[in-house]
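Here chain A shows up in two complexes: once beside chain B, once beside chain C.
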Partner chain A sequence: MKHNVIVINQLITVNNLLFSTHLLTLFLLNMNLHKLSSRLCPTVTQKFRHLHIQSSGQQLEAVAVETASAEPNPLSVFRTSEQDPAYHSERQSGQYYTFPPAHIQKLFPHGLPPRFQLQIKTFNEGCVMVRPPALELISYLKRADYSKPPLRYVLYGDTGTGKTLSLCHALHYCYTQGWLIVHIPDAHLWVKNCKELLPSSSRPSRFDQPIQASQWLKNFKITNEHFLSKIKTTQRYVWTKRESTEMGQPLGELVDQGVNRMKSSSDVVGAVLRELRLQAGGITEGEGAFKLAVAVDGVNALWGKTSLKKEDRTLCEPEELTLIHNLRKMMKNNWSGGAILTALSQTGSLFTPQSAYLPNELLGEEGFDHMEPFVPVSVSNYDEKEFESCYLYYLDRNWLQHPHSRSEEGKKELIFLSNKNPSILERLCAFL
Partner chain B sequence: MAASVRHLLKPWTPSLCLVRWSRYNPYYLDPDPSKDACVPESEISPEQKELQELKTVRPIKAALSSDTSSSFNDPLISKFINMMMQDGNKILARGIMTQTLESIKRKQVEKYHKSPAAKKEEIECNPYTIFHLGLENCKPIIGLASVQKGGKSYQVPVPLTDNRRRFLAMKWMITECRDNKHRRTHMYEKLSQELLAAFANEGNVVKRKHDLHKMAEANRAYAHYRWW
Partner chain C sequence: MAASSCRGVRSILWKYGSCGKNLCVSRSKTIPQLPVRQICVSSSLWKKNLAAAGPQKFTQEFIDKQVEEFEVGKRHLANMMGEDPETFTQEDIDRSIAYLFPSGLFEKRARPVMKHPEEIFPKQTAIQWDAVGRPFHFLFYTGKQSYYSLLHDVYEKILAIERHQDKMRSKGLFTSDTKQIVLTGSRWLLKEEMEEYLVENVSDQDFMRFVQLMEKLLSMPYCSLEEEFILKFRKQLEVQSSKHEIPALQYDPQGVAFSVAEGRRKTAKATITLRDSGSGNFTINGRNYLHYFPLLQDREQLMFPLHFVGMLSRFDLEGSVEGSGHSAQAGALRLAISRALLSFVSEGEVEKMRQAGLLTADPRIKERKKPGQEGARKKFTWKKR
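Now for the complex of A and B:
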């Protein structure tokens, strides 16, 4: 080619008649084309071969397209793209949806069970299964009339069936709808293992728990930051000779008072709850309107026994603790503009038999009378579809590592050993 | 025929009394709890056929209560649990083992999910393979035995049996975690850290193995004192 080009150049530089050079170049190009075509001949057959391969390749592509459309299906079996709990319905039942990380930090600074928090840390995402009890609860919340006194919902079921996480799911729905969240993650923690039990500063026969109260107020502040400046106090609260909160101050100041001054933090909790109760149903429309969601896990602690002792070594009644007393007042339905979501729990409860799980057994007579009437929501073990979904989720997150657990027989063994109980399955898969 | 079998099954005492010995007559075979897949007749080698026939005829020892027929049963892990057990508290030892496996898996899976796609293949997430390979890395190849010659005792380099090597690796792992770590950490935490280090050929147990190898290398001259 180069040789031919040099020849052409020489011809041009000679300055012969243009058309002759033109002819020559054309002739040379033709020659080159001929050579190219001769070179092309084997490639023509190659092209044919390529075409043949392409035709089969097209078939392959067609097959690949089919599998590509089939592949997302296993993913969509256990995950749903609907991240807003307001739009969850029976169609997403058994599928996992992800908590946005920002919401986890704000809404659940203390609310999630410790093993679930570990799972979030390990998998780098917080996924919760959409299950019928939570869907039921959310549908009731959607249809309730908030000008009437609040409905009390009690989630009950055997240990490890998913009461706490269903409560968290419903709470996420409330948060996305802009409600004010009052979440006590475990009422049992307030009736046992208290290091400092101070006699109350305001009333003689009561006992304060400063550490628990101030911890709870800190978490309350994180969850409901945007409400704290809007709600104003309706009464003057006197804490000590020199400290008091005037009427009309924002709620944020009250909360700060409790966080900074540990001594009066339990009374501050009571004041905060009272303010919220009074103002929840007050303004129905407009700027200051808000709906109140009171979520208590382990409600049976409020009416059970404590393991705390007074100074004369007699057992403390739950009634004598300020925090419990104020919570009980909250559980009454003499206010309006919100909902009370509760879950029973035998795991942390004191002096209750391990087999007890029904509301009657766990709440006791006093508790049942106080809570009645309530809407019971039963939570049970996984069914076939939910178990399948959980199994696929663990496979996807690379959690089931033992080769036998990935086989059919291993799956049957897991079903047998766990009886499809969510928490037992989780603990089993942890070391497999 | 019956008389000869009766002679074999009589209550038996060994001719040489050892400290820890099984009271079973050596005629008894070991139990094999695993569910063997039914292999068709043609594929079994003649030795295996003999073994199978033996199993149908000979008496078999009773199985331990810690053996399961499921494929999750791992003899190495059972042995490790037995070695960790104190005062017969098998439940506690097994709990520690499961917590160890869980914490190893958590650390590795966390690393897996946080690493970019290119590096995901290199991270080993299976706690069982980490346990097995980590223990392999701790097994010494050559050991030392004390031999008395001419009034003086010498440390003589000596080959070790498989059982002895496995025992030494596990023993070192457990003593290292019990003694040389911070008092307030849980056993499962200490074990998981040490196993992950052994898997990467680092850590105190692997160092101890290397020290033993160096000692054996140093005492190479006395190798001829071994007569077995």
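Now for the complex of A and C:
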């Protein structure tokens, strides 16, 4: 069966006579699909694998499913063929677009929320809905003046409304535009559950987190490979008596230093951030002009409390952690040539009430003062159209197996039970 | 109603053993005096054998006197309360007694009560034999004379119907489709009610025998002749759904219909306002229900009544709830929603909701902890020695 399908696709690509192959493929695909539809999930995902091949192949498949009629392609109601975030506009609002798999591996080695990663694995594609907050953010990014200090954007909203994924969408846009990405997937992970807390080698009052720092440096390396050789250090960094990085070395070396030598990895992170800050949008080197996108999720962790304890069993302040300290410096807008995209998060935060979701509640006074002025972007639950498209997407992926969920009644139940909250809907559909 | 209250009062005042209720009291004064011989008896004979005496018996004069006293007392009470003695009903008596003797006792049957002696004193059979000692009823020596006489009556009727049937057959007018007695909505008397009716103990087998005989009577085509007799032994069942009071449908200034209802579950009290506005908003205590009930189970409970009647996205709900835990609050809200829905829904739907259990208040409460035990059921560690 798979063999048949491959043969057909070869026919399409080679012949390029859509009409004649239409009928052929219609006939053959229909046959195959009947067999397929009576089997379980594994083969269903197989069926959708060949959706990825080409847009024309996609359309053929869709037409075959719908028993050739002149109706508009139902897939286009919730899917858009526009894969480039730069061209997303209100027309595609509510529709799903796919992350190219190569991009996912490079851009988001650690960036996507774990549940979404599971979803990518299950559905074999990473689809994200185009929603107004993300569109707003991208439009700001398009129109901003990059010779001035960076604008700070804060995505805020209720739990589970889609702040992290909107951030990822905007980051994808930045990546396709060739920016340098500094992505901290969840700042909360740096203020809690740290197994090793070393006193800092450079400064006595600070604490290092070697594991987290080296992990982050590895991921940073994967995301920004091509930049690492172009950017050069502007200062000499001394790590230990024997190790140091000279001025003018490519950034890649600095990063390697941090990855290999765990002890000084937190300081390396600080150095990397400093270098990027100094050189972002710099007109000094012609070939090294780049725009810097700093994306931090769970930014309220930087000014909240930690759950880490020092050796004398007193609570650590976030200020005393090297990584946090350096990040905070990054958040200030005393550099130019980039943008700071942040999202608040109550889910991972420590010692905040569950009902808090506004910036001043989650950031606290200190954080608010530090981040001010910023551009707030609010993210809310799905509205009717978006819910509809999410529902259709799950149906299309055969994720909703229960027969009742395909009816109108079932849809109303889903609306009621989830109140159109994206994450709750996703969890609900997970066992249907 | 009278029977049940009588039964209730009776159980408080006197405990009845299962011995017969036959009376044998007050020997007549005309018995000739026999020569009395002094017999030496031990002191144990002087002690009253309380168990052998049986249940306390009342004479007819005693009961008549009680009735007189009751009537007089009723008039006194009416005067005391400043009301008209002529039109003083039992409800008024109850009200006055509750006012004059306020009682904090939880058990309603333990509170002071003033009722007609017929309701308080149990029905007793009069003396069954004449002055000579000869019983009046021919079935006295069966021991259960009323029961067997009833059975005899029923059989008599069966025979009468059979004779009627034969007559019709001989005339050639026999038809099977005659007027049938309507039996839906009624049930046979219970064994306890039977005992009250006959004023004597009825065993389970006797009762079953009686019901079988009545069924046989009913199975005959011309049983409608004895309809009155049969219906004496059938009790009407109340229509359950008529018991629910439907909250009134009110209209607010914009013309939107809304109804308010309350519900309770295990110390949690909830109030709900259902607005017929067409959106699916749901606010509890000022917060979105998604935040108030993060657990899916609670939200499913809230969804149940709306989903059952199929009006999920039609209403705007506004609720307030307090007390107990999240599950009890969800249950209280569910009951309140079902009750509020009654005013938006048709009669047949009300019956369906009742049968689905949406309108029944859950009576379960936390069981009391007993002394000598760890909790309500859990015992202390059992040590063999």
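Rule of thumb we're sticking to: the second predicted complex is superposed on the first by the 357 of 432 C-alpha atoms of A that agree within 3 Å, B and C clash if a C-alpha of one lies under 4 Å from a C-alpha of the other, contacts with A are read in each partner's own complex, and residues count from 1 in each chain.
The rule is simple: contacts are C-beta pairs under 8 Å (C-beta built on N, C-alpha and C of every residue); 3 or more make two chains touch, one makes a residue touch a chain.
The shown structure was predicted, so the numbers you read here are calculated from the model rather than taken from an experiment.
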item: Partner chain in contact with A:His404 - chain B first, chain C second, else both or neither; value: first
item: Greater residue coverage of chain A in the superposed arrangement, chain B or chain C; value: B
item: Contacts of A:Ile415 with chain B and chain C, given as first, second, both or neither; value: second
item: First, second, both or neither for A:Ser355, with chain B first and chain C second; value: second
item: Contacts of A:Asn193 with chain B and chain C, given as first, second, both or neither; value: neither
item: Partner chain(s) touched by A:Ser81 [first = chain B, second = chain C, both, neither]; value: neither
item: Footprint overlap on chain A, comparing chain B with chain C; value: 409, 413
item: Residue ranges of chain A in contact with chain C within the complex; value: 158, 354-355, 409, 412-413, 415-419, 421, 424, 428
item: Footprint of chain A on chain B - complex, ascending; value: 70-72, 98-99, 101-102, 105-106, 109-110, 112-114, 125-128
item: Of all residues in chain C, those that touch chain A in their complex; value: 280, 282, 287-291, 296, 299-300, 303, 306-307, 310, 312-313
item: Chain A to chain B touching residues, read off their complex; value: 118, 121-124, 397-399, 401-402, 404-405, 409-410, 413, 430-432
